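I have a structure here, written as structure tokens, and I will follow up with some questions on it.
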Amino acid sequence: MQQRKIAMVKQELKDLHELKQLYQPVADEMLVNMGPQHPSTHGVLNFLLVTDGEVMHKAVAHVGYLHRGIEKIGEAVEYNGFVPFTDRVDYLAAMSANQGFAMAVEKLASIQVPERAEYLRVIATELNRIASHLVANGAMAMDIGAFTPFVHWLKEREFVNDLMEELCGARLTYNYIRIGGVAFDCGKELAEKIVKWIDHFEPMVDEFDRLITNNEIFVQRLANVSPISAEEAMSYNLVGPNLRASGVDWDIRRDVPYSVYSKFDFKIPVGKGFRGTVGDCYDRFVLRILEIRESCKILRQALATMPEGEIMAKVPKTIKPPKGEAIARVESARGELFYYVVSDGSSKPLRVKIRAGSFTAMSIIEHLSKGVMIADLVAIIGSLDVVAPEVDR
Amino acid sequence: MSSSTNLTLGQYFKNIQNAALSTLEGMAVTFSWLFRRPITIQWPDKIEKPLEETLPERTRGILEVETRICTGCLACQKACPIDTISIDMERNAETKERFIARFDIDAAKCMYCGLCVDACPTGAIRHTTLFAYATDNIDNLLLSYVDKGEKVTPFRPKDPQPELRARGSIGKNVLERNLKSKN
Amino acid sequence: MDGFLLTTTEEFLNWNRKSSIWYLLFASACCGIELMQTGGPRTDLDRFGAVPRATPRQADLMIVAGTITYKMAERVRLLYEQMAEPRYVISMGSCANCGGLFQSSYSVLKGVDKVIPVDLYIPGCPPRPEALADAVVKLQAKMMKEKYLRTVRA
Amino acid sequence: MWYLANYLEKNYAVSINGQESAWLIYLIVAIASALVMLGFASLFAGLASFVERRIAGRIMARVGPNRVGPQGLFQFVADGLKLIMKEDLIPNGADRFLFKIAPYFVFAGMLGTFVVLPFGANIVAANMDVGIFYIISITALVVVGIILGGWASNSKWSMFGGLRSAAQIVSYEIPLALSILVVVLLSGSLSTQGIISAQGGLPWDWFIFHSPFAFIAFFIYFVSALAEGNRTPFDLPEAESELVAGYCTEYSGFRFVVFFFAEWANLWIMSAIAVICFLGGWRVPFISVEESTSSWGIILLGLAIFMVKTLALVVVVIQLRWTLPRLRLDQMMNLCWKYLVPGSFVCILGTMTWMVLIDWNSMIGLVLRVVVFAGAFMLLAYYIYRIRFNYMIDRDNYKKMTGKDMWYPPYRLP
Amino acid sequence: MDVQSQINLIKGKFPNEVLENFATGTFVNAEKLKAICQFCRDNEELSMQVLTCMTAVDLGDHLELVYHLISYSKKHDLVLKVTLPRDNAVIDSVESVWKTADWQERECFDLFGVNFKNHPDLRRIMLPDDWQGHPLRKDYTPPTEYHGMSHTRKNPLIPEGQSATTENSNG
């Protein structure tokens, strides 16, 4: 026990010493540790704020508190066995993480996924996107101080969890999309239940707008806060709602079409500076709400036009794809989820690289946090919708 | 209330009007919630049927093994990516037929992914809807479905279909026995 | 007579501690989302008097929800030491129980009981909100049986 | 309570070895009334914390604490006693003496205001002539306590919280005092009983409907009282999501109970002062000031009316907490100095001209008051219409989805 | 425009830097990588505004750095690969071309040990600062304990008889 305490103290001193050279804080500045356990850092992310009061000179991000080495495990587990691990890469939008890996391996092993399985994948991913946007916006509203919208959106998410439990058996870590198709089928009455929920849910989104989105205090707290220009967003490789809020019209579902998204017509909302400049926190918030509405539209069309047929392609027990590499881009709730799978012919991948949206969204926070108040840093983290495992994998 | 200094008079009153109206709107929404039904399921005592029965059929709870139709093919052990299932097959010296001596599942480590259930040819291993088994000693979560001395003859497909026990009952017995014995 | 007096007052004191457990708002991974759902409307932990508190000083239950890596382990130990004395720990989910599906990884702590004493382990990945509510109910039963005064006196 | 003191003195004036013993009786009565006030304040603080969690639960479609005691009534007893039994933690770098003293400043500031708050015709601890002036000055003690707590616990987060509350409470004292000045102008006296007796029982005889300016003054008072008590749009000092727990980050155990108590006792004080100044306190309609102390029945009726009005305002404050997000520091200061202070000056000038032009008892005065009352009533009707609109939207879809109908009135406890 | 014409465009500007190519991109000489990336970004026809992903692959005898570039306006993408020796892999950082490379290169340094010249702040990003070794290399053997916390845990599945506890079985 004793030597551990000494080791910890030495570590602390080394940290402080090293930080002192890196930042040379001015006389009256102090280092505030917005530590890994903090109500508004979503999950375990650590910010070191160099501040002299309310306004910060710089916020240095320390990540890696949830680095579980998923890519190293990827090299030690077969292809089929790795799918549950991709759930844990982004537990809020687990379905798109599954779909990304499955598509990459299907490209490698040239497996053709049946039509109905593609529809089921789209339905599950869109439901999951709505649930993920609910928690993202809810957590952001809670950080600004409004607790009720967060719990209302948890209530809606509870309904989505029930639907997901009926469809694929789990509430959060689905393992529903398998390589070559889908694990279970969606019966007629489950499709009715989903449509009934959407009928209930869409007026509720309008109610959230009346409760919080148009609330003057909320708008004043978010409008014109840390606007991100299109060039900055692209240079920092922001993806998804963060990118579209800065005015760049880029959505993988439409621009790099995969699965059966080309069969549905849905709009891609782009940030227009609704109540402030283009690309500020308020734009990102409103964009997610518009995307929730678009996902409801896609769900209705997908449920209506789902064809009958097989839900799983003929896939051998252990998949041995030929030597080579493949990439897969999927539009997850947090933007473009990029999979790069290299196989050497054996039943285990040689290298699995997952590049997620939160990783780059986290890297821009350091750049945005110059001369910003602590209350605004909380709003920025919330609006960029950063999730710890996606950053640290 | 916008903090910009160049605040025109019109903008000044517009801010006040916006703030007042949106606060009234927000208060109307929250007050209307006082008259709506809360969706709380008062879990432990104030619900009609215990939650285990009302959960959907595909729910992936704690694993359970119906040893009567287990063929001892070790497919589930191979399918599990993090090997939480461990089965010992022993061969009877004289009669040369194999039997299952030990079938252990580590419920504390299992990730409830369902890959073993897909791999099982006869559906012996399956997910129950049991979930409420918090214990203060982690060894209680080691479920052994074949007792110490017992020898289970593996089921051959052409045998007559034995009478199967209800889903969830086997798991419940093993978990209760663990809770009583170990602490 | 003295036994009766002590047990009833102790019963009352334990009842007080049991019916207002304030848990620390500490969510590291997937189980953290289920922890938020448990605080949400469906299984409402507020019914048991459990309120999430952000500072370890005012929390008397730490729910370790999610994977603890080696970099985070020292912080978890620090948080545990900052909590005020009658404190309890619930290890929620496979990752906190024994490292779970990341047990073979180089940077994951194999179970949080290597760093802090754990009172209850919840199986599940992630456990249902009702499983966490069940753990809180079991913790309450455990608190009722604690000899709070007698140990101090004996 | 002085009424009681005079009554006791006349009948039981016993002289101890010759000296006059009136001061002894006054002492005993003062201590008795102080204990009654403390009892009422702590009971109200406890129940208010329980009721707030129940209302918050219902607003969030969930159920508040309902397992501790019948329907969860003893929740606050459990919270309080559990916190007392917690370990007594003082952070090592903290300034031990100030750390221990800080909560009791806040406690003194909070309990001090209960002395002047009336409950009925002559049920008041001390009917001071400078009642309202005393209230405004004693709430400054709360600021001292919070800053001391923030600074002494040697943690950066609580220091932020302490300084934020210093800026907030001190700067919101001014609109608070100015809006109460409007009422003092109307009633002509500073004592709380005097203000109430200057108003009438019927709604249009209250000061709030005296003129549109008084109506705006009520809202200015209400907003700045929210800021004084660190309630929601202004709960920056213990901002849950930014500053971990603001000034009481390092407090645990009994000292946190005192901070916890002060926050909820302030609910009562805030709404009681609003009811005294603007909503006609304990005045019973159709009964003049003289008759209101005649029989115990009328006094109790006055007490009941005062309680109902105050609890209604408390519910509004609670509901505000679960509706509005939090203001940023500079926006909070901006709101105070650019909107509330000029607004309260306009109200004072407006009320003065209104009083000069139109006499209170004249027919035009009455008609204008009824017009303002009608305007306020229209606003209330619009509010109720919006509530019904929000409810109606989701009723059928909810029934279709879950099969159960959505009507679940608040008095039906789950 | 398709991959082949993109490669020809680059070959036009850097004739002897472009080595052999493959389906989705081309191998490039390590020293000239930064100049090529600058060219890809600034050229109008290519206008690769975004570096989607920059990672390393350990192929046993040498390391391979893979740069995935994409252009949102032209809707085409390209892959640049660089081969580096295993032990002291050094390459200049492209952080000045795309700001996202800052963190991706830090991750590559942390997990693979690839050193990036004139990178603004090359520190470990994922692992604690005093961690030895770079985990994603094939020849990485994880330490048996860290700050007093041991890596092994008694595996309940193996009865007391056999004594094998769960080593780091990530083969």
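We just call them A, B, C, D and E in the order they show up, numbering each chain from 1.
The definition used in the following text is that a contact is a pair of C-beta atoms (placed from the backbone, for glycine too) under 8 Å apart; a residue touches a chain by one contact, two chains touch by 3 or more.
Just so it is clear, the model here is predicted, and its values are computed rather than measured.
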Would you pick out the chains that touch chain A and also touch chain B?
C, D, E
Name the chain whose C-alpha centroid is most distant from the C-alpha centroid of chain D.
E
Rounded to the nearest Å, the gap separating the Cα centres of chain D and chain E is 62
Determine the centre-to-centre distance between chain A and chain D, using the mean Cα coordinates as centres, and give it in whole Å.
44
Per the centroid of Cα atoms for each chain, what is the distance between chain C and chain E, given in Å?
41
Compute the distance, rounded to whole Å, between the mean C-alpha positions of chain A and chain C.
28
Send over the residues of chain A in touch with two or more other chains.
8, 11, 38-39, 64, 67, 69, 72-73, 76, 84-85, 148, 151, 155, 158, 173, 207, 210-212, 215, 217, 220
Where chain D touches two or more other chains, by residue
57, 59-63, 240-241, 244, 322-324, 327, 330-331, 390, 394, 398
Specify, in ascending order, the residues of chain C that touch 2 or more different other chains.
40-42, 44, 47, 54, 71, 74, 98-99, 101, 103-107, 111, 125, 128
All pairs of touching chains?
A-B, A-C, A-D, A-E, B-C, B-D, B-E, C-D, C-E
Write out the stretch or stretches of chain B touching chain A in their complex.
1-3, 15, 18-19, 22-23, 25-26, 28-30, 39, 55-56, 58-60, 79-81, 111-115, 118-119, 127
If you look only at chain E, which of its residues touch chain A in the complex?
24, 49-53, 55, 57-59, 66, 68, 72, 75, 98-100, 102-104, 111, 121, 124-130, 135-136, 147-148, 169-171
Residue set of chain C touching chain D in the complex reads 13, 15-17, 19-20, 40-42, 44, 46-49, 51, 53-55, 57-58, 60, 84-86
Residue numbers on chain C that touch chain B, as the complex places them:
41-44, 47, 90, 94, 97-101, 103-104, 111, 113, 119-125, 127-128, 130-131, 133-135, 137-138, 142
Show me the residue ranges of chain B that touch chain C in the complex, using the header's touch definition.
38-44, 51, 62, 81-82, 106-112, 131-138, 141
